[in-house]
Amino acid sequence: MKVVLEHLTKIFPSRNKKDKNAEVVAVNDFSLEIPDGKLIGLLGPSGCGKSTTLFMISGLQEPTSGRIFFGENDVTKLSPENRGIGLVFQNYALYPHMTVQQNILFPLQNLKGENRLSKEEMLERATKVAKLVQIDEFMDRKPSELSGGQQQRVAIARALVKMPRVLLLDEPLSNLDARLRLQTREEIRRIQRDTQITTIFVTHDQEEAMSISDYIVVMKLGVIMQTGKPQWVYDDPANLFVAKFLGSPPINMLSGKVEGGALYIGNERVLEVPELEDREVYIGIRPEGFLLRANGRLTCKVSGIDVMGRDISVVSTNENSLNPVVRSIISADEIGNAEGDTARFDLKPHKVFLFDKETEERIYFGEQVAAHEKIIAQMKAEGQDYVTHEGPLPREADDRSSSEQPPEEKKGILAKLKGLLPKKREKAADEQPEPVEQPEGQDDKE
Amino acid sequence: MDKKKNQWKAWLYLLPAIVLLLVFTVWPIFNTIRMSLLKDYDDLAAIGGATFEFGFANFAKVISYRGFLTCLGNTVLLTVITVPISTMLALLIAVALNSIKWLSKIFQTIFFLPYVTNSIAIGMVFMAMFSMIGGGPTTEPVSIGIINTIIEACGGTRINWVNAGSDYWSNMFVLIIYIVWNALPFKILVLLGGLQGVNKQYYDAAKVDGASRLRTFWRVTVPLLSPMIAYVVITGFIGGFKEYSSIVGIFGESMGPVGNPGSLNTMVGFIYDAITNNPGRASAAALILFAIIFAVTMVNLYVSKKRVHY
Amino acid sequence: MTENINAVSDEQILPAPPKGMKERDIRKVSKKQTVLKVLAQIGLYVFLTVIAIAVLFPFYWMLISSLKTLNEYNATVPTLWPQEFLWANYVTAFTGELELGQLFLNTVIVGVVSTILSLVVTVLSAYAFARLEFKGKNALFAALLATMMIPGELFTITNYVTVSAFGWLHTYTVLIVPFLVSVFYIYLLRQNFLQIPNELYLAAKVDGTSDLKYLWRVMIPLSAPTLVSITILKMMGAWNSYIWPRLVANDTMHRLVTVGLRGAAFVDEATGMTNFPAQMAAVVIVTIPLLLVFIFFRKYIMRGVSRSGIKG
């Protein structure tokens, strides 16, 4: 079942009666088509509206505006039980007074009318699902007698037993310890492959999302920042936020400028970018984008070297770096190219991303332009929209006191705005004219 | 050294409490047991040097009293009827209060009002509402009272609830209404507090699982609230067995309608009636009451241990 | 383990999801849902309103009855609003055999004195149990808690004998002293004291503050809400107490308000019938202070009550 979200917006009313403007826009004009049978990761920092989006898809929260389609059907007004969804809560919300089996049976016992099952059928189904998630040996235990990972699987079983058309998982791994997390995420991947149920899961952990999702959706302040296959989003971030959010170790950010067709960091000419105009830019360099050369163009001061087997991580400093250190990962045989504590790097052009200092949007150069076009074409071929966010965000880091958080959204501080709708463009990457855009400059007024 | 100094200081702080407790709490425990075992114990006679036969004579006497059996019956009946009714009603009200937003605070305040009232005083109001004025066994009453008026307006027939010649079950009915009215606030308060402490996610989960309101109530709310329900039931039983002032409020110290005094007396009433002239017998009755309350509480605890989840 | 997974997955565990509903069905279901939701909300409000009326009706009846003339009250068809307001009922209530003025005075004296003394005793004991170290502290505290399980009637009998022997019958003392110590309040306050971090105490010690001064300047202000709860409940207890006062001080000079109210006959001299309006006026006078206290201290009362289950 494909899931289509059209202009979903969720505004939590102001809790403070005196300050009517304190309302919180948790999700802002969110449009996305989620293809059938895929595993989608909704990814973003806390407070980005990802959980709210999930709860709107589940029907537990009603969107302020916008529509939700399951297949061709508009389910926006349907209550959760009529949507055919399964939902796994962050803390599982297993009924503490019921055994594992009773927990799994509960959704089946609620079926009415023609969907009603006989007792035997219910038991059979519950047993099958329990086997699928491998908890069939604990059927008579209470949730409190299970480990976190086992509880997690019971929660998944309870969500699956009704054979949902869409499976929703809210931070499914956040309550597990590191080892279990790794194991369980493979488990989720396996279960999703076995059942082929369209699955949407929410996480703030980029590694988690990257490792098991078919597609990821990166969100910030209730707005989609970029969509795509994990590798594509990593290789071709559309803006500064996405570039910084994905990748471990994180991307190195430096300040620089384009002048006379070349990219400068400080006064070192690091790359040739003949087609670009002169401007100030942010430069993001993935750690694996460095080549240590005796006559490399970028000079850094080495402050530490970590040997990680085949690869070596060089920790160095550069005065134009926006982070305390520049971290590069190079292959072990290059290390001989360093002289004393000075490292000279050449940069791999496809690992270097330039961003406009004002809009923080990506500036493509050289072969990146073609690579970018290719990714968009591939996404179209797979029936996926390529969605990014352009223009300023509705509200950048306007930290409101946490006491004013809306009751429903426990995940932090969200965009506050009224009458300040962001511009978002969907590059459908086809030949049709792009949707009507508001004239440039509108942004400034807002 | 400092420690030693603190020792006597602590006892100094505790001194007033301990003295008072020794005299008015600890000593009574022993003395009540002692008096209950001395046949027809009398204080003044005891000071005069009289001795009393030791044994269970007081208990035997108390149990053989018809008056005592009436009191015991009334007490058990009132408790067994009012506790389930008030608990169920309080549960429904608490759940209803918990699922509305608008006006919820006002309703909460209204439902708590009976708690802060004087149960004797409001008992008199109930008496006034149920009682007929004037008239006798053969003559028509001057006024049949507001409750009977309402009943007749709804097509029923009037009943002699509390006046002279009224029957036992009519009296009981009025008492039950009043006791439930009086017992609701505390139960609502505790159950509502419990409900507000239940993680909202269980209800979200129940919604996703497609449970109807009714099923959610029975399969999720009641089990999750079972510790609170047990608490309310246990304290309800204890309070029920000590019922006294509600009856005084409505029927006065005669503990019954005019012409039938004592017909509605309770265990506590029996004890108080005996205090002044026969403390030995009162003690025996009090110990019997204590034993009953203790046993019922143990049964309650046992049942709730089996039924209360987690 | 892996084998197991394969075995399960090969079997195609979950049949194809049920076919999606038709557009029209969905609209129908959505509509039905909305209607049900609205109906349920209406049902809830109707239910709560009915109960609220049942709860409030006695108060309403008490108020309007207290203002009716005796004739109107005795009318064949009771009126729901007084035809004329007879404030004289309140005068009758005050001046009749009831002697409300004296009752109020007695009750206020007993209430205030017993509350103050009780607070002192409770604070000192709670402080000792919460902050001071001494031998047998835990055993003593457990013993105290154990006495809470015993019904009060058991104490009353001996206490009656005791106060008679002390010659305290028909005095204020007998109304104040025997129930000064409440184990429950000590428990409540001790829990509150325990929540105050010990570092504060140590810091005060370093500064050379005496125990009493620390108690007065730090502990008491920080526990003010609990102390307010105790004060109100204790005062309400004096106002509502009936059984003990009737037993030991049922004379004009020391009678408390509830005892007096229940004892008075309210007979109309002309007709010989019960003067319900005057009686209701007296009931209103007794009830109003409680309602006022409730309105102003609702939070404290509810906080104390939800933890006790003991009335008054």
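To keep things simple, chains are lettered A, B and C as they appear, and every chain counts its residues starting from 1.
As a working rule, contacts are C-beta pairs under 8 Å (C-beta built on N, C-alpha and C of every residue); 3 or more make two chains touch, one makes a residue touch a chain.
This structure is a prediction, so every number in the text was calculated from the model and none was measured.
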{"item": "Identifier of the chain whose CA centre is least distant from the whole-structure CA centre", "value": "C"}
{"item": "Result of counting contacting C-beta pairs for B-C and A-C, higher pair", "value": "B-C"}
{"item": "Greatest separation from chain B - chain, by CA centre", "value": "A"}
{"item": "Whole-Å separation of chain centres (CA-atom averages), chain A against chain B", "value": "59"}
{"item": "Chain A-chain C separation of Cα centroids, rounded to whole Å", "value": "54"}
{"item": "Distance from the mean Cα position of chain C to that of chain B, given in whole angstrom", "value": "14"}
{"item": "Shared interface positions of chain A, touching two or more other chains", "value": "79"}
{"item": "Two or more partner chains touched - positions in chain B", "value": "none"}
{"item": "Residues within chain C bordering two or more other chains", "value": "none"}
{"item": "Complex interface listing, chain C residues touching chain A", "value": "4-5, 8-9, 13-15, 17-18, 20-21, 23, 26, 29-30, 33-34"}
{"item": "Chain A to chain B touching residues, read off their complex", "value": "58-60, 79-81, 85-87, 89, 91, 93, 95-98, 106-107, 109-112, 142, 144, 158-159, 162"}
{"item": "Touching residues on chain B, where the partner in the complex is chain A", "value": "199, 201-202, 204-205, 207-212, 215, 219-220, 223-224, 226, 309-310"}
{"item": "Touching residues on chain B, where the partner in the complex is chain C", "value": "3, 6-7, 9-11, 13-14, 16-17, 20-21, 23-29, 31-32, 35, 43, 89, 92-93, 96-97, 99-100, 103, 107, 109-122, 124-126, 128-129, 133-134, 142-146, 149, 181, 184, 186, 189-190, 193, 213, 231, 235, 238-239, 242, 244-245, 248-249, 252-253, 268, 271-272, 275-276, 279, 282-283, 286-287, 289-290, 293-294"}
{"item": "Contact footprint of chain B on chain C as seen in their complex", "value": "40-41, 44-45, 47-48, 51-52, 54-59, 61-62, 65, 73-78, 120-122, 124-125, 127-129, 132-135, 137, 140, 144, 147, 149-162, 164-165, 177-181, 183, 186, 211, 236, 239-240, 242-243, 247, 258, 261-263, 273-274, 276, 279-280, 283, 286-287, 290-291, 293-294, 298, 301-302, 305-306, 309, 311"}
